Each structure stands twice: as C-alpha cells, then as structure tokens.
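Every chain is named by a letter (A, B and C) in the order it is written, and numbering of its residues begins at 1.
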C-alpha cells in the first residue's frame, strides 16, 4: 500500500511535468517467488495488459509458495490485501467466506470453454479462475506390466480395486524393485488431500458432507473405515514407502527403478518421458467402487474484497484468460491449459502431444475437493489421519478423532453460515 | 540501596528504565493480554462472525478429563479373550465415547493412557483433547531432559575453551558454529543426517559397528523421533549457553585463581571453591533461559516432523501455532499459550522460592 | 615436563574431537553447495558428504543468485539487525542499570513483569502483536500513515527491548563492585554519567554476549518478517530461503544460499570475539 502510494505520488509528479497518462495502480500477488518460468510468463501478461489500455497498471509482488497463505492471512488481518491475488483452488471457499475475496464480474458465458476444475465457484458465484489445472496419474512402465502379465488399464476401463491390489502384490514379488508403488508421502501438506482424497471418494467416503454439514458417518463411516484399513495395509505389507520417505527418493525413485509404479502429477511427466520414452504409461486412477477419481483445481486468480478497483482487477483477469496466455503458461510449466483451444496451441497437450493423455484424464476423472470454507481444517485433519494410520495408529480411533476435530471446527464457526 | 535521596532516585530510576520498559509493555505485554482475552472468547483469525465471550470453555475443552474402568472381553468361562498378537482384547473405546447415552460424560473423549488393574481389568483415563495432553507431556519431558544436559555440557565446554592455549580462538569459533546457523537451517541439515535410508548417522553407526548396526528411521519412528529432536536441540543450543557461561567465567578475578594455585588447590577444588561460587548469578540466568527456551520448543518440530509420527513429537507451542494460524482458531491457540504461561510461571516461582530458602 | 606435554596434547585432542562434532554439518553444508543436486543426495549417505569430490562447481551459487535477490535481502537483514542490536544494547543496559543500582517506586513490580515476559514464546503472541502494529501510526519521509506493515520499523522496533537482554545485564551488573558507583556519586557524577563512564566500560564481555545473542535472534528472524513484509524491498534472508522450496527442491542452491548468508554472522561473531579477548585482558589488569 505504501509502495502504491509512493508510486502514485511519483506518477502524479511525472504527470505534471511530462503529460503522461496516469494509470491507476493495481497490485497483484502471486505465490511463485523463486520460480523464474512462471514469473516470465506472468510478467509477459502484465506488460501486455499495461500496454493495452491507459486506465490500469498492474504491479506484481511475488511470495514464496511455502508461506504464501500465511502472508495473505496476515495482510487480510491488517486490511492490506492487494487488488488481485491468486489462491489455491480448494482454499477459495474459505477466503470467499472470510471476505478476502469478492465474486468476479466474470460470467458463465466467459468460462464456458474452461475445464470445470479451473473455475472456483462458491455459493453460486464465480470467485476465481485458473489459467491451468494439474492432474495425477499412475506412472507405470509397459514392459514391467507385460512382464507380469498385468492388464493395461484404459481411461474407459480402469483397474478395479481387485486388479489394483493384484497388480501391487504381484509387483511386490519382483525383486528388481524396492517397492511396487510410490505414493509420495515425502510431500507434506496439500498433496495428501489432493492425491488421496479422491481415492477415499472412490471408496465412497469423503472429507465431509458439505450439505449437512458434518464429517460424522462420512470420514468415519463404513466406507472410510474400509479405505483406512486398506491404506494401513499398504504400509504394514511394505507395498509403498512410508511417511519418512525422503524428498530425493520421491523425485528420482521411479526414474532410478526403485519403484515399479508411482502416483504422481503431470508436472513430473516430462522427466519420466525423457527417461523411459515409449515404455512409459500414464494410467488412470483405479476404480475403488464408486468410480475412478483424481483431484482437480490448482492455483486461481481472484479479486480481493477490499479492492477499490474492482473493474480494473476483473479486466486484468479477463485479459489473462486469453488462450494464448493459457498456452504460454502451459509451455513454460508443463501444466494443463484450461481450455481445449489453448491445449491445441501447446506443444505437450495438442493432439498427439506427449502429455495429451492428462487433458483427457482431467476431463474425465477430475473431482473437486469438498467445496466448503471448512476445507482448510478438513485437509489438515485428513493429512494427519492418513499419516497416523500409515504409522500404525488405530484406524477407527484415528478417523473418529479427525471427524470430531472437523465437526468441532464447524461448530466453532457456526457451520460457516 | 535504600540510602540517600529516594526522591531523586525515583525520577532518574524511572527515566532510565522507562524506554526499554515501555517498549516491552507495548510489544510483549499488550499482545499477551490480547491473547489472554482471546482465550476467553471464540475469536477467529479472520471471520465474518462476531466474536463472543465464551468464558472458560476453551480451557475446559483443553483440560477436560474423564476415566473409566473396563473389563476385557471374556469367553463363556470368564477368561479374557486374546487377540491374534497375544494382547488381551478390550471393548473398543469408541463404543463408550461415541453417542452412548449411558456414558454421556465421555462423549468425544479419547484414550490418553491406561493403568492395568487386577483381574485383567484396566483403568482408562480419557481426555477431551488427547492431542493437547500429548503435547503437554512431550514438552515437559523435553524440558526435563534437555535443560539440565544442555546447561551441564555448555559449562563443560566453556571451561574447556576458557583455557589459555595457543589457537583457542579457533576452537571457540567452531564450538559456536551451530548457534550461528538458525535453528530452521540446522533442522533442515539434520533431516539429512537422520534420514532412515540415506542418512549420515546410520552410515556412521554402521561403519563404527562394522555393519552390525541396523539402520534406524530416526525421525520416522515414534519411539526415536522425540529423542532425535532432543539430541539435535542440545547440539544446536549448547554453544549459545557456552557463551553465557564464558562471560560469567570472565567476571571471576584472575587473582582468586592465583591465590588458589599458591595454596596448591586441586583442579576440582578450584572449580568447587572459586569458579562455581563466582558463577552463581550466571547459573541462575542460564537455568532460567534454558528452561524458557525448552518450553518454547517449536521450530525443530515444525521443520522436522510437524508433530508426527503419531503425535510423538507434538509440543505445546507447535499446537498453539497450528491451531492459531493453520486452523484459524486464534482463541484455542491463545488458550494453550495462557496455559503454558501459567505453568512456566508457577515452575519459576517454585524455583525461586526454593533457591531463596537456601541462601 | 613430559606429563605437561602429554596433557597439552590430550587437551588439543579433546578440543579437536569436540570441534569435529560441532563442525560437521557446517562442512556438509559448504561442501554440498559445490555439488549438483543428484550427487549431493547420493553422497549424503557416506563420508563423501564431507569431501569436495566429483562434479564440483560454483553453479549453485550463480543459480541461487539468479533466483533470489540475495544482495538486497542480506542488506535488509544487516540493516534491521544492526539498528536493533545498537538500540537494544543501549536501552536494555540502561534499564538494567536502573534496576540494579537505583531505588524507585514500583521497581519490583516492573521488574517482575518484565521478567515474566521471558516466559512468553513469540510464536504464541505473533498474531496479537500484528494487531498492535497495525494500529500504530508512523511518520516517515512520505508523511503520516497508520500501520507499520512492509517497512523496516516493523521489523526493528518491537524487537529492541526484551526481557532476556535486560536480565543478562542485570545478572552481570550485580557482580560489579558497588563501591565504584558510590565513589563516583560522592565525586558528584550524575547517575547517567555513572552509567556510561563507569559501568559500561566495565561490562565489555556482557555487551559482547548480549550483542551476539541479539544479533542471532534478529538475523534469523523468520515468522515475523514473513507476516509483515510484502515486498522484496524489505524482505530479510530467512524468508528468502523459502524461494528454494519449489516442487523440485533445489538442495544444492539451498546449501549455497545458506553458506552465503552465514558469512555475515561469522564475521560479526569473530569481531565480537576480539572484544571478548580485549575484555579478558582488561579484567585481568583490574582484577
């Protein structure tokens, strides 16, 4: 704010001396500090926007992702939010409920071509728009599956739970590998809800029943208990590496042949393709009973509730939603562009592109995480429950504890009404 | 010093104490009082709902406990039923604590610990907030182990480098190395050291035992995680307190040592009758500081384990921060801060009372 | 003579062993900063972790420099740290002097309250403190404004005075001979003159200790600047560390960054050591 004021003062001074059009400053916060690729695309968009009209001038401030949410909360507490900020998709309802964010002036018509996961809707309104999405898949090698005579699943006919269990138990016998499957428990935080929440949903459970709202009978219901027992079994039978897996093994274990398969995101796909080429398969999520599911919604742009420049902020977001920018982002980061038209313009997601299968995965399997302001507590409890169960805690007691904690949070917030 | 002119001292005393004191009041005491107030409300970090006064409920949520005596499952002859692994099978606690009208006072509680009784029965203590209880016991354990060891080792090191030897400055610098690096950084480095598969510690122990040592997943195993954090904390903090001991050592006049040497005192006697008495004020300082720092255990846990595995490294400050920031429950986080404050305050009052009694 | 020599050798051996125990992670850090990520991670399981072998280069340093405005962040940290340390030494030692040598009404209460603040871990009051600084006015070069966010002062002023530093000085001052103070008073010196002409010169080691401890606290600030700085103009070094935790964690660059930001601290500590040595000499003369 102070900087904005300085800039405004400077702008007024220059305007008086040299007749420059005074553009109103818009501040934009982004979570990608330290990531040069994203920064160069984003500054490209900003420069284009600033040059395209005379009313607004967007200024970028970058924050490290690890602590971005804390920075935003601190700023909100101080009434110093920027005009435009980006938000991790599943957290958006919490920020909308807290009035950090205000509904966009963007209509359903504007976003009709966008993947559903890239549009943040809450309470019937659009609060945020993402320029890309991400998807997870089961990374595997054709040669390995064929060697063990395992059926190669397809998007139309993914593995069933039994097939999936058979696959990992069979691969467990193969002494070439330390583990038949890697779930990536080295990655803490949101990865748990993003990567494993959909598995729970596929079993028939969920973080909570958003409508009621309660977690009772959902996160600790029969289906969730079955999921929990299955989950624990993966670790007691040493089918997957545990919570103390180190980050390096997560990054290179599959590539080095330590793990036969890996549950991983499209951002890791190019490195794997480079290593295994045509042998590499991106398999869809298995169907645990209630349909195969993977997580949706990545980082999205929204407008802060305290912004005095709603129009400018909306103009910028609408400007950034052009296909060419979606394509630029995708080319720079390997993420999935938000529209089919943009996908055609990219190297990896055009028809026959190396990663085009991920576009299909997102289109077909992507499921949003519970859309509720209670999500930020639910995801923490889910992460804790999964790691405790992985480390041998009693399944029923642990899921009960997570359920109680989520319900307590609902109660303390009067059900976020 | 009640001599002279108390009136004039009044003015100058306040004048000299005021700048620092007012800053402390504004930036430490006022925020603490705010936290104290929050702990009696339902204050959220940010929320559209108005804040309400809720009395003691945050505290009763934290500290509520209950107990229950339970019988094992018995067969027809009244003998307890055993599980596959040889343990006696008890009825599940959740049958009492979840929606059981006969045990309404236990609703939502979790087992904290249990004590075996005669005839295979056991007495189970349940807590409303088992996580808080776990954090509390971990923190107390951490303080009880880390504070004395760290203070003692720091004194030994200070004595070691307080010698007049050529090149001693080099050692002084090296010993201080771990302190120079922030605890966050140290924690990152030690994650490499403690790693279960590629860790340095396992490699060294394996080397020293000619390969007999079975690698341990130090931070991933509930029985070693807290101990590993303690060891690292001692390692990291010992240089800090060494410096304080060292400055204390230097207030002891050299003439006393010379006199002791003239009288032919042994090294132990010199320490007992010259060094230690001269360190009295420093010792008080160190014990206070070390205890406070140990109670504030946070960064190591945050970086290395985030309270896991299975809550084996939860700490009070970590819970306070997690509730306050991540769960946006600033009231609940503040209540923990208040409990911690009152606990440490009473411990230090007891400490003070006991040390005053002696002198 | 012989036993003397042997005991000297033993002493050095002991000193060296302990030194190894303390220095190995630092060596690991510096050596790792020269290695590419893959090699760094493979080496970390063996003694190669301590040896600059294999594919050695300064690439991590130049990459880290490209990723983070290191120069800016180091300057920010040094400015904040230096100002805080200087103000803190002055105000806290003066307050301690007042608590030890002067009698004034309310002293006991004030002192107890200040010492009680030692018990409050910062993390638990960070949010209320944020609320406090949000409601403070500031008059700077660009006029009057409310709230201190995104500035140097928000990182400095709340940290100037603290119970630990005051406590440190109090415990030290208690050991100083009171006769010196009495004598100076009889000679007609004002209390402030007694403080800075007699007590301050005698308290060299304590000032050095307090300076080091405060320096470390300030230079390693993390949570607070994270909450209160919004632009790179004011961000300190520890927040910069977060820039490296991307999806693929750049461990080599992290090690390089850590090695760079540790240099100012070591330099400061070494300069303070000289003050230590000097004061040892001076107490020797006076003792």
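Keep this in mind: a residue touches a chain if its C-beta (ideal position, glycine included) is under 8 Å from a C-beta of that chain, and two chains touch if they have at least 3 such contacts.
By chain, UniProt protein names: A = Sugar-binding protein; B = Sugar ABC transporter permease; C = sn-glycerol-3-phosphate transport system permease protein UgpE.
Quantities reported herein were computed from a predicted structural model and do not represent experimental measurements.
Shared contact partners of subunit A and subunit B, listed by label: C. Look at the CA centroids: the one farthest from the centroid of subunit C belongs to A. When chain centres are taken as C-alpha averages, the shortest distance to the whole-protein C-alpha average belongs to B.
Subunit B has its Cα centroid 36 Å from the Cα centroid of subunit A. Each chain gets a centre from the mean of its Cα atoms; for subunit B and subunit C, those two points are 22 Å apart. Here the CA centre of subunit A is 39 Å from the CA centre of subunit C. Residues of subunit A in contact with two or more other chains: 70, 77, 248. Counting only residues that touch two or more partner chains, subunit C has 41, 127, 131.
Among all residues of subunit B, those that touch two or more other chains are 45, 195, 197-198, 325.
Those residues of subunit C that touch subunit A in the complex are listed here as 38, 41, 66-68, 127, 130-131, 134, 142, 145, 147, 149-151, 226-228, 230-233, 239, 242-249, 251. Those residues of subunit A whose C-beta lies close enough to touch subunit B in the complex are 70, 73, 76-77, 97-100, 188, 242-244, 246, 248-249, 376-377, 380, 384, 387-388, 391-393, 396-397, 400-401, 404, 409, 412-414.
Against subunit A, the residues of subunit B that register as touching in their complex are 42, 44-49, 92-94, 98, 108, 110-111, 130-131, 191, 195-198, 217, 219-220, 222, 306-311, 322, 325-329. Touching subunit C in their complex are the following residues of subunit B: 1-2, 6, 9-17, 19-21, 23-32, 34-35, 38, 45, 157, 160-161, 163, 165, 168-169, 171-186, 188-190, 192-193, 195, 197-200, 202-203, 235, 239-240, 243-244, 246-247, 250-251, 253-256, 281-282, 284-285, 288-289, 292, 295-296, 298, 317, 320-321, 324-325, 330, 333-334, 336-337, 340-341, 344-345, 348.
Interface residues of subunit A, counted against subunit C in their complex, comprise 1-3, 5-6, 9, 29, 33-36, 61-67, 70-71, 74-75, 77-80, 247-248, 251-252, 267-268.
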